[in-house]
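Next up: some structures, all given as structure tokens.
In the two complexes that follow, chain A is the common piece, with chain B as its partner first and chain C second.
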Partner chain A sequence: MATVYVNDVPVEIGNDRLNCVQAVARAGQFLAHYCYHEALTVVASCRMCMIEMGDLKDGKVTMIPKVFPGCQTPVKDGTVIVTGDYAKRSVGHEPLPYDPKYVPGKLAKKAQADTLEGLLINHPLDCPVCDKAGECKLQDYSFEYGRAESRLIDPKNTPPNKPELSSKITLFTDRCIMCTRCVRFTREISGTAELMVKNRGHHEEIDVFPGRPLENRLAGNVVDLCPVGALGSKDFLYTQRVWYLKNTDGVCSLCSTGCSIHVDTNKEIVYRLRPRHNPAAQGHFMCDDGRWGYHYVNSGERIVRPMMRSDKGLSPVSWYEMLPKLRADLTQAAAAQPSQVVAVLSPFLTAEEAFLWGTFIKGLSPQARLALGPVPVVGEDDSYPKNVHGQPVEPTKFTIRAEKCPNRNGVSSVLKQLQGDVIPFEKIAGETGLSALVFVGGYPNREHLQAAFPPNWKAPAILVVQDLFSSSLTEQARYVLPGTAAFEKEGTFVNHAGLAQVFARAVRPPIEARGELQVAADLLGRKGLVQAAGVRKELAAAVPFFDGLADPPSPQGKRLELTTV
Partner chain B sequence: MPIAEHDVTWVQEPKLGLLEQLYIPAIVDGLQTTIGHMFGKKITEQYPEQEPTLPPNYRGVHRLNRDHDNRVKCVACYMCATACPAHCIDIVAAPAPAEWKDREKYPETFVIDELRCIYCGMCEEACPVDAIELTTLYDLTGLSREQMIFDKEKLLSVFDTTTQMGTDPIRTQAGRLSPASEAPPTAGETATK
Partner chain C sequence: MKYEPILLARIHKPNSHQLEGYRADGGYAAIEQALVDKKPADVIAQVKDAGLRGRGGAGFPTGLKWTFLPKDHPGPIYLCVNADESEPCTYNNRILMEKDPHQVLEGIMLACYAIRSEKAFFYVRYEYGTAYRALEAAIAELYAAGLLGKNIFGSDFHLDIVLHRGAGAYICGEETGLIESLEGKRAWPRIKPPFPAIEGAFRKPTIVNNVETMACVTQIMRRGIDWFKSLGVPPDPKNPRDAGSYGPKLYTIAGHVEKPVCVELPMGVSLRELVEVHGGGVWKGRKAKAVNPGGLSMGFVDVLAPLKGEDGKTEYDIPLDFNGPGKVGCLGLGTAAVTVIDDQTSMVDVLHNVTQFFSHESCGQCTPCREGTGWMLKIMERFRRGLGRREDLDILVDVADRIGIIPGTTICGLSDGAGWPVKTAIRKFRSEFEEAIRKGEPSRYAKPLQMVGAH
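Our next item is the complex of A and B:
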């Protein structure tokens, strides 16, 4: 077993091949860095992770009298790492037998302060107008390791901004500290290599090649990778200061990869999505379709209140008026022709919602049928990195799935358990003579939904639609219920690989809307507010596939065995 | 937490002597003060006929300062809104107009609810470009709540008024952030524009 000493703390690293940044993290400490990123190659260009190192051999420490970039320096058995934070180390560990003349941490601390002074030489210090302020690593480390005042008397370089870098991303060239994370991202993860470094020395700039803007489906990640405010998302630009934002851990609902995300909200409005590192789901990144695809939640066209059709057309109605009528209609239809009562559960529902709705419909009559809603598929799976011809290259580092829904696996497993097989939506769409159809949707894109219906589709007498947007379906519906978006509910999504991720609610739904889970619970005659965690326990007990979800799973999610059903 | 015994000091009421019990010296003492004022210098202010002169650090109605190009000096950094303990400042930021070469961000709207404000001056202190200031305008009235919600134009007009009247010259000088905080216009310049 190899042992590394980080600021006198011994750390067992086994046979892992680590660099100093990782070894310091293993010791529960932190080594400041800009250019190093777990998913990218090491370039050691920012010089922020400077450390002192040496060897512990035969009870004697030999330190090398210079500093090393930690990200580029591998550790081995007996390596002694001393960081600039040595003075702040946790007490309780015996100091190693250093040379009495050696002052641990002095060189590294000075190296870090000098690095920061160098980085700030051409930085405009326009924090008040910079969107990164508050989550900026340059601010944080300058506060922690830098000097309070600038000694620079010469004018700063002020290269022009480059808003034309990309349609979605802008570059504030003067704020850049040249860590080149963005350049390495486009070369190594997306493989599209749009970004480059031009000029030399203090005139270095990030730029694109003429006529080749930064346009790929992963481009938004460079904004997250940028440790300072140089690369900004035009979508989020100047909308909020980051310290107002509330972060909720969520799951992206726009494709079956099910990326783990942070949902940043303020006053019940979603402002930004960021990827949450989850090796079990997608890794460090997320695609632009998901990142900027949240706007449907804030759309003014959403169905926001329950409506019922009368002679005068659709008119708003209260829930307590509508639900008993709805239940009576469905009960009557189920009593007359049970097999002609069909509920369509969309793959945008959480597993809990699908389970509770399924339970309600099967409770009306065991012959009533449950179908899986239209599964939108757009194009083909898109894998990255790409080569110069746009062909995917192995090993795949990120895949954008063609299946544009988050929970086909979860909903189909529930349906299989409740009725033995999954009826695809096409079969239901082709049938005539249905007496009642309950369509529980949640489609962020109404085109995906409308494409699944044949043009001359005839609605049954009782059509209940719960969805986000009005469509050709709601035009014929007797009952229209407002749906809730993925950010507005809690529940579980099971991604393409069977990874079940539980997520919490980030924002409140429209004030008059009730979630799909609550409506199902109301129809089942349950009293009070329903909790997804409680339904999840029921679900775990009733459906073997969801066994593992009885206990609250970790934020990483839990991989479920797809073969058990 | 209960109060510890050693923290407590017991105080006895002072005993009154004969003179104190008569109260006459105390009455004479009081009358001396009253009569002294009757013949002394008049210090009553005849408000509203006579307006007071307030110290320059008086914290009255806010103003939004203008820069040398007569644009709003504010860069929409939200520092004042963040510092505000009463949450009375509401800003909507936007990219600056293309012809403002030296600025990237400006406040599209800037609204202060003067009724909610507690006039603590934290906004003024937080501002990195000296764009928001409290003036010596103290007689703030309105006929409705809506009138007391000041938008950007109203706050800029407070700047124009107070600088022209000379009651509140520009007190704070240019910070070092950006051209947004360069030397302010003189009162005469503002009047001509």
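Our next item is the complex of A and C:
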């Protein structure tokens, strides 16, 4: 077994090939870094990760009298790493037998402070108006490892800002610390290579080639990769101070990749989405469609309260008045012609919602039918990196899927369990004799929904629609119920590859709305507030596909056996 | 006894750059002979045993470097000839390329034969138009004569030499910067390992050698080990790691001398002799104050400072071999370009010029070098306005000490070279800087150049 020592702490690394940043992390410690990123090539240029290094051999430690960039330096059996944090190490480990004249951590500590001093030389320090403040690695590391006072009295360089860099992203050129993460991202992950470094020395700047702005469907990731406030998302710019944001683990619902995300909210408003590293889902990144596609939740056009149709058209109604009527209508229809009662469960629903709605409908009559809602497909799967001709090249590092919904797999498995097969929506849309149709939607984009209906589609007498936005469907509905967005509920999505991810609620739905899960529970006659976790347990017990979810899964999610779908 | 130049023997001949004359002087006999009676390993052994150390600046033993290539590699293996020659006051490569290109090209052929390379890239500093055209013509002559291409001299040795015009930056001379530039990218030096011998140009094993090194290879193969070792300085017996400083060396003399010149002498000539004898002495009857022994990067020699342990001698008397400059706190022999600064010149102006050069030439990857060189320049600009402070001297020395591959904080040696002149100037001429601080007078010279927009 290979053992390395990090500030005297022995760590077993087995046969893993690690650099010092990784080895230090294995030891439960932290080595500050800027240019290093697990998903990008190592350039070892920022020089934040400086360490001291040596060897423990035959009970003797030999240290090399200089510093090394930890990100570039591999470790092997007997490697001794001493970081600038040596003095802060946890007590309880015997110091290694260093040369008595050697002061562990002195060189590394100075090198790190020197690097930070260098980075601040041309840095504007406009933290009060900088979006990154509060989550800025330059602030954090300067505070942790830097010098308290500046020794610079000369004027700083003031390169011009570049708001025209991209329609979605702006560059505060003077805040850049030249880590080149953004450049490497566009070369190595998106492959689109829009970004470059121009000029030399301390006049270096990030820029794009003339007439070739940073426009690709993964571009937003450079904002997250940027350790400082140089690259800013125009969408988020000056909307919030990050320390007011609440971060909730979520799952993006805009394609079947199902990226793990952070949902950043304040006072029940979603302000920003960021990718949450999840090797089992998408990796480190997310696409711009998802990143900036959250605005529908904050839309003023949403259906925000229940409505019922009378002679005078649709008008607001209270839940306690509407639900008994709704249930009575459906019960009656099911008694008369059970197979003409159909519920359409959309692939935007959580598995729990689909399960509870399905249970309710099948409880009206086992012959009542369940169909899978329209599955929006736009174009083709879009894989990265691209080559110069825009063609994807192997190995694939990111795929934006054509299937623009998060949970076809989850909803299908529920349907399969409850009625043995999955009826596609097209079949239902072509039928004429329906007596009641319950459409449980949640479509962020009403066009995707409307496109699935034949132009002259005629609604059955009883049409119940729960959705986010009004559409040709709600125009004909007897009951219109406000739907909830993925951020507004807890539940489980199963992505294209069968990865089930449970996510938490990030914001409350509109005040008069009731979530799909709650409506189903109410209709089932269950008392009180429904808990998604409880329904998940029922689901796990009832549907073998989900039995892995009986215990709360890790934030990484759980891969389910797709063969049953 | 006057030394008879070997490397520069032909440069004053008419049409010294042409193939005909070179062959008439016995040119290309060494490669022809080697192809008949030597194996590649024999050539490597001869170069190694001669004790040739690279002339590009680092002084790495050439034969040893060649043995770092992977054994039995299926190829291709590349040779890159470094003619980026951008160290201030260095122009010996230029003379060789313009006046005797065939001597260099024969060395390239020998080196390629030795390392089993069939393609050499000749990376010529952008500004060297004349050298480029001389080489272009010389290479064309070789192809026309069947001495390049396939089956050279009827053997099974093939070689193509690709002439490449550089990207116009000092950093293109750093060997991995050169390789990146050759590949069409910014000349950002690569992190090592892997070293070029394992993975270099186009990800293939690559040897990078200087132009003068190539000329020495020609002469070693022509004249033999004994000739080479008869010149220069044997290893210091007290230093087991010293590989000696054998052979002839082209010294360039520039700055405040009467006669700026490139001279060829056996390694180890003293700085004093070079300046006072070969350079015709300091100009305008003045005295020397400071000298760069091997290009700006190597730092300054204080002409008047006594040499420790050597009675009556000063730093001016150090020998210019691979070890000499190190004895007085300089970085090394570098390019053996001697720049003289006379006693009427302000070290503040000199140092300003130095920091301007390095901040302009820093490729900008590494934080310590990018920001350190820029900061040092800003401080020196302020000094020239008469606004220097005592604490600036400490900052300058601190920054100069902390940037470089020797402390371990950067990717390449440019930053060591940026730090050395600063710290040697301040350590050796501190009183002059303190005087400037006290007086607070602006410099007599013009404003600094605007260099923001440079590539």
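Annotations
Just so it is clear, the second predicted complex is superposed on the first by the 563 of 565 C-alpha atoms of A that agree within 3 Å, B and C clash if a C-alpha of one lies under 4 Å from a C-alpha of the other, contacts with A are read in each partner's own complex, and residues count from 1 in each chain.
Quick note on the criterion: a contact is a pair of C-beta atoms (placed from the backbone, for glycine too) under 8 Å apart; a residue touches a chain by one contact, two chains touch by 3 or more.
This is a predicted model, so every value here is computed, not measured.
With both structures placed on the common chain, the touch criterion links A:46 to chain C but leaves chain B unconnected. Ranked by how many residues of chain A each touches, chain B and chain C are led by C.
With both structures placed on the common chain, the touch criterion links A:200 to chain C but leaves chain B unconnected.
Contacts of A:178 after superposition: chain C is touched, whereas chain B is not reached.
Legend: residue contacts after superposition of the two complexes on their common chain; A:157 is shown touching chain C, with no touch to chain B. Once chain A of one complex is fitted onto chain A of the other, the partner contacts of A:237 are limited to chain B, with no touch recorded for chain C. Of the two partner chains placed by the overlay, only chain C lies in contact with A:111; chain B stays clear of it. After overlaying the two complexes on the shared chain, residue contacts for A:128 are found with chain B alone; chain C is out of touch.
Listed in rising order, the residues of chain A touching chain C in the complex are 42-48, 50, 66-69, 72, 110-111, 114-115, 118-119, 121-122, 151-155, 157, 177-178, 180, 197, 199-204.
Note for the complex: chain B touches chain A at residues 75-79, 82, 93-95, 103-105, 128-129, 177-178.
Touching chain B in their complex are the following residues of chain A: 124-129, 133, 161, 172, 237-239, 241, 243-244. In the complex of the two chains, the chain C residues touching chain A come out as 169, 186, 191, 359-368, 370-375, 378-379, 381-382, 391, 395, 402, 406-411, 451-455.
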